[in-house]
């Protein structure tokens, strides 16, 4: 009986959403809004124009990856909010599960796991850092890079019983978070606008291009990595 | 410059994460600095984040409405930060984040940014709502908040598709014709859960009764005001009062059923939680009467309700039995409850009177009937608690004495309630400015989009 | 291209239904991570590599890990 | 037609909420709803025959899909995980207090208090 | 001579001062109270009628004014007399009782400031504001009584809230329709308003505040609990004075807004609205009388008598011919004094014996003679026996009923007064006559300070009974002000359509008869005083002679006639529990459910809005 009612309700809900389809453009034939048009051509302030990989120089935002340019430069305030959500979640998890000792799994991790972690860990850490350093060039950025590092930490937790992060993730998290805000404040001090891109943006596609975008993404990478490994550590504590 | 209001508490939060316990002492300092900055700022300015002008980048709007709302929210936070007794170990950092996110919610001029700040407030609220005694309430709140966040996000996306950009002013000016109903409905669901509207706000009694005194105090006053402000900003400035007739009906439902449900509660905090639901419903239905006067009186009543709730929740959470030892707490509790019911010499009377007069002038006979019926019920259960606490014979074994600073704050707010009852101009002027800012959306649009 | 999208879409829905209906908790978590992986694939088809990597790392990777760890902390699959 | 997939997924998520008794399943359904919303947002940005929004050797000139929904989804995914992590830890506490995760048993235990 | 506004402010500040004073020393604070109230009586006594003052401004365009009218002045004097006497009584009474003295005194002054405001406000909203202050003041004192008074306070506030909120609803609809609130303007606008329905709605809703407060039929249940359990001295004020505020609003609703002009006459010149109100009065007379007979607690007994007398006043006011209206107003005075007098004597009895149950007492006449005298004169006035003032007002009401030809109402009021003989006699016999209980043998008379106000009341009743001129003069001035043909009277002679009535001759006749009876009592040998234990009981020695006290179940034979009477208190309790059930239902359904319940409600809201919107 309960199943039947919920099916009817769900069907009604889907009909509600489908009814809105008449408003939406057909799948695949969306016309780009004026805002994203400006983001792609990088001429929000009007001095953009046709951007060409490896040629166009010192644009208003040098990031090759347009999504990263939106996430870290055009709508950087969102990301600040985003990082705070993760920060509060990690803080919440540590407040809720205020365990003290490291929880032992009770059985020695088997041999294959321990050996493969020894091999895989440096690769994972390297790959994670690669992602958030090249955030403004290749897809991915602070968030996936940090998560990959945290996955590495998780592997460490699984592979040996005594491993435990003490307060280090808290410090890394605190420092990288406040550095991110400080870069924003420097922009406020120099140009009177918070989170402005005060460094030269260089050639699109170079490693050292796009002003503060790579710096901010690296900081976010550290912060997310520290927070998520903090969450993993808390899940491994008890008592 | 207005970004500093959000950044400073955030920076303090980030810096103090490694030593959470010490954060209790810098919380008042941070709140005072934000207050000073706020007083230095001039009310109508828009700051584009990252230097990108309005529809493209994110914009923080500081007009008369957000200026005074910020003032109220920061003062509430200041009062709470001056009472370290009610803030448990390690929760001051969460309070810092909550202050940043409430300031952000008030200031932001971008719909997706308001979604992010709403999520931060929600996550911080889940943590505050958690307590060893009642983790289930916090979990239910989390699920409800998650779902409402998803719907709010859907609403934001439909608004983006409808107008091409995410900026409030842009949406209010050129949202395509058919999109308004769907966007208004989804945003209504998203905010409805937080603003305690009847069927959506199932989490309120369990969360307010979570045992730690901080939860009801901060959620009942600071966060409620911010959410009500956001409600006004979106449904009046952006949607030009489109969805308000539906909200009116939901508001009435909230008042009646909120009061009735309060009638049978045997715990004081739960009864007060339902009373705050009912008062929120009253504010919403007054606002949705439409027109400048309605909004002004709605927020005036909200201010009165918040000052009364601040006192009631602190007392309900700290000492829940007789007042014979701590007289000041008893007196301020009675003053706050009389103001809630609307006895003449107190603030609540003024706002209820003005609301009734407004409803009659709009030939709406339903709202006054509901308000008066609800006040009769409210009088019944609040006065029952008043008497039970004043005349309770069981001198509780744990002789809980309220410390002096909590008593001082209770007294100040109680005297403020009486002062407003006699000279209501202080709150009225604030409510007037908020109503000004919210209603003339032409000024808002030109202010934000620079006359585009 | 549309044939592949539809196929992946249907697979996602099936794995989601399985995740909801599964009796044992662990099966539903695995179904959930399968669904995340399929969504990653869908994002790649829809030309959104950034989101694909994030979903892969965060959605499939960490979400499932957190759920399994929490389940483990509660004494295995007792329900 | 990806819209239909997204809507059906939201339906499945809500169905999961309405029928399931185990609180963990509610967390799973919440993730499903979040993923469904993300799919819906990305599908609104997809344009037939356009490339991923990254300037690179293969796509030097701007012939891109709409990048803004992708930026928004980036944030939405991480918010989803944040809530999930907090939800899981709250669940652990609920389990410690009530000894079960079944909604009915918790209701009966709560009624006893 | 300070203005009214300052007088009210003095009382507001006075309440704080008296709180501090009584904290310092109980007696000092109560004396301060008494002096302040008697000063107020002095100010009100010689305030000039028509004197007007602007108080303060709430709604922008209509400023609040205070105006002294004859009606207001009359009611204020009656109330202040009662309260000042009770305040004098409290000076001694407050020492022994276990209530919180400081709070008691300060809230008493707060209530008096509210009362002053009510009687002198010139428009509907100021009256509401001061009405609420008076309710607040009295609400704070009531729970200081016995255990049951905690619940009584809630019922009291809720009932008066129902009444005053209907009143407020009517006030705002008047303000919305005419834009003005002062009594004269409103009555003019009402007079030439076309829609009959609106007039009915407004008058009935305004009268509802009076009905709630003076305990008329539908909203009468709070009187028994509140008067029965409030602190003893305060229930004198409560029934003597607060109930009269309700009659004041009824008087306004009936006479200031002249119902006779507003509505066509329905029955011998009495409009239909008045007729309905008169019938409400009748029902409350019946309820009051029949329920009073059953009561075993003396304070609750007199509470029911207040319901009955409230009914008398409403019947009097409702008839709206000169003699009936005058009768109603005069009865306000009489009942205020009589009820206050009786309650004070009960307070004295409780002060000494500590119980209010009639069957636990007996034979107190030997120990407390003066209290007995007060009580005796009080019930004589309440029952309406000639030498006291009570008779005049009842007689006026009877004659107006006869002249109007409303014989059913006449029959009911007659049953009411006969019934009042019955129920007033019960405490007399149970408490004062009969055998003195052994545990009360050491009871002494109450201290002198408590006796003075009681005896003053006695003198006042008899004086007005003999020489009603001052009260009749003010009634004449009220009737002229309200536009009803004034009654002609000269000193002690009252002319009515049925002939005239000279109080002086009646008094002389009665005193002569009284003296003769006293002489006979002296001459003839008094009966042999028989000690209770001197009983011939067939060899079984009587140990516990209390059994012979016949106060228990005094009117058992009458009560058996209507044992299964419909009780309105239970009806209202069922109503409250119905609301409580709705609350429980919503709480269980929406707030206490599992997360799937919450999601269910969200989807339901979406579907409803979807279905409604498209």
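Order of writing sets the labels: A, B, C, D and E. Residues in every chain begin at 1.
Here is the rule we use: a residue touches a chain if its C-beta (ideal position, glycine included) is under 8 Å from a C-beta of that chain, and two chains touch if they have at least 3 such contacts.
Everything quoted here is computed from the prediction, not taken from an experiment.
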Length of the shortest touching-chain route, chain C through to chain E: 2
Shared chain contacts [chain B and chain C, defined touch]: A, D
Mutual neighbours - chains that touch chain A and chain C alike: D
B-D against C-D, pair bridged by the larger set of C-beta contacts: C-D
Chain nearest the overall Cα centroid: B
Centre-to-centre distance between chain B and chain A (centres being mean Cα positions), rounded to whole Å: 31
CA centroid of chain A to CA centroid of chain E, Å: 75
Between chain D and chain A, distance of the C-alpha-averaged centres to the nearest whole Å: 17
Inter-chain centre distance, chain D versus chain E - centres from mean C-alpha coordinates, in Å: 67
Junction residues of chain B - those touching two or more other chains: 112, 116, 119, 123, 126-127, 130, 135, 139, 143, 147, 160-161, 166
In chain E, residues with contacts to at least two other chains: 594-595, 599-600, 603-604, 606, 610, 614
Chain A, residues touching no fewer than two other chains: 9-10, 13, 24, 33, 35, 39, 65, 67, 75, 78, 81-82, 85, 88-89, 92, 96, 139, 141, 143, 231, 235
Every chain pair meeting the contact rule: A-B, A-C, A-D, A-E, B-D, B-E, C-D, D-E
Partner chain D, residues of chain E touching it in the complex: 594-596, 599-600, 603
Of chain D, residues touching chain B in the complex: 17, 23, 26-27, 30, 33-34, 37, 40-41, 44, 68-69, 72, 75-76, 79-80, 82-83, 86-87, 90-91, 93-94, 97-98, 106, 110
Complex interface listing, chain B residues touching chain A: 1, 3-4, 7, 10-11, 13-18, 20, 47-53, 55-58, 90-91, 93-94, 97, 100-101, 104, 110, 112-113, 116-117, 119-120, 123-124, 126-127, 130, 135, 158, 160-162, 164-166, 176, 178-179, 182
Touch list for chain A against partner chain D, complex: 2-3, 5-7, 9-11, 13-14, 17-18, 21, 24, 27-30, 32-33, 35-36, 39-41, 50-54, 64-67, 70-71, 75, 78-79, 81-82, 85-86, 88-90, 92-93, 96-97, 137-139, 141, 143, 204-205, 224, 231, 234-235
Residues of chain A touching chain C in the complex: 65, 67-68, 103, 131, 139-141, 143-144, 147-148, 150-151, 154, 228, 231-232, 235-236, 238
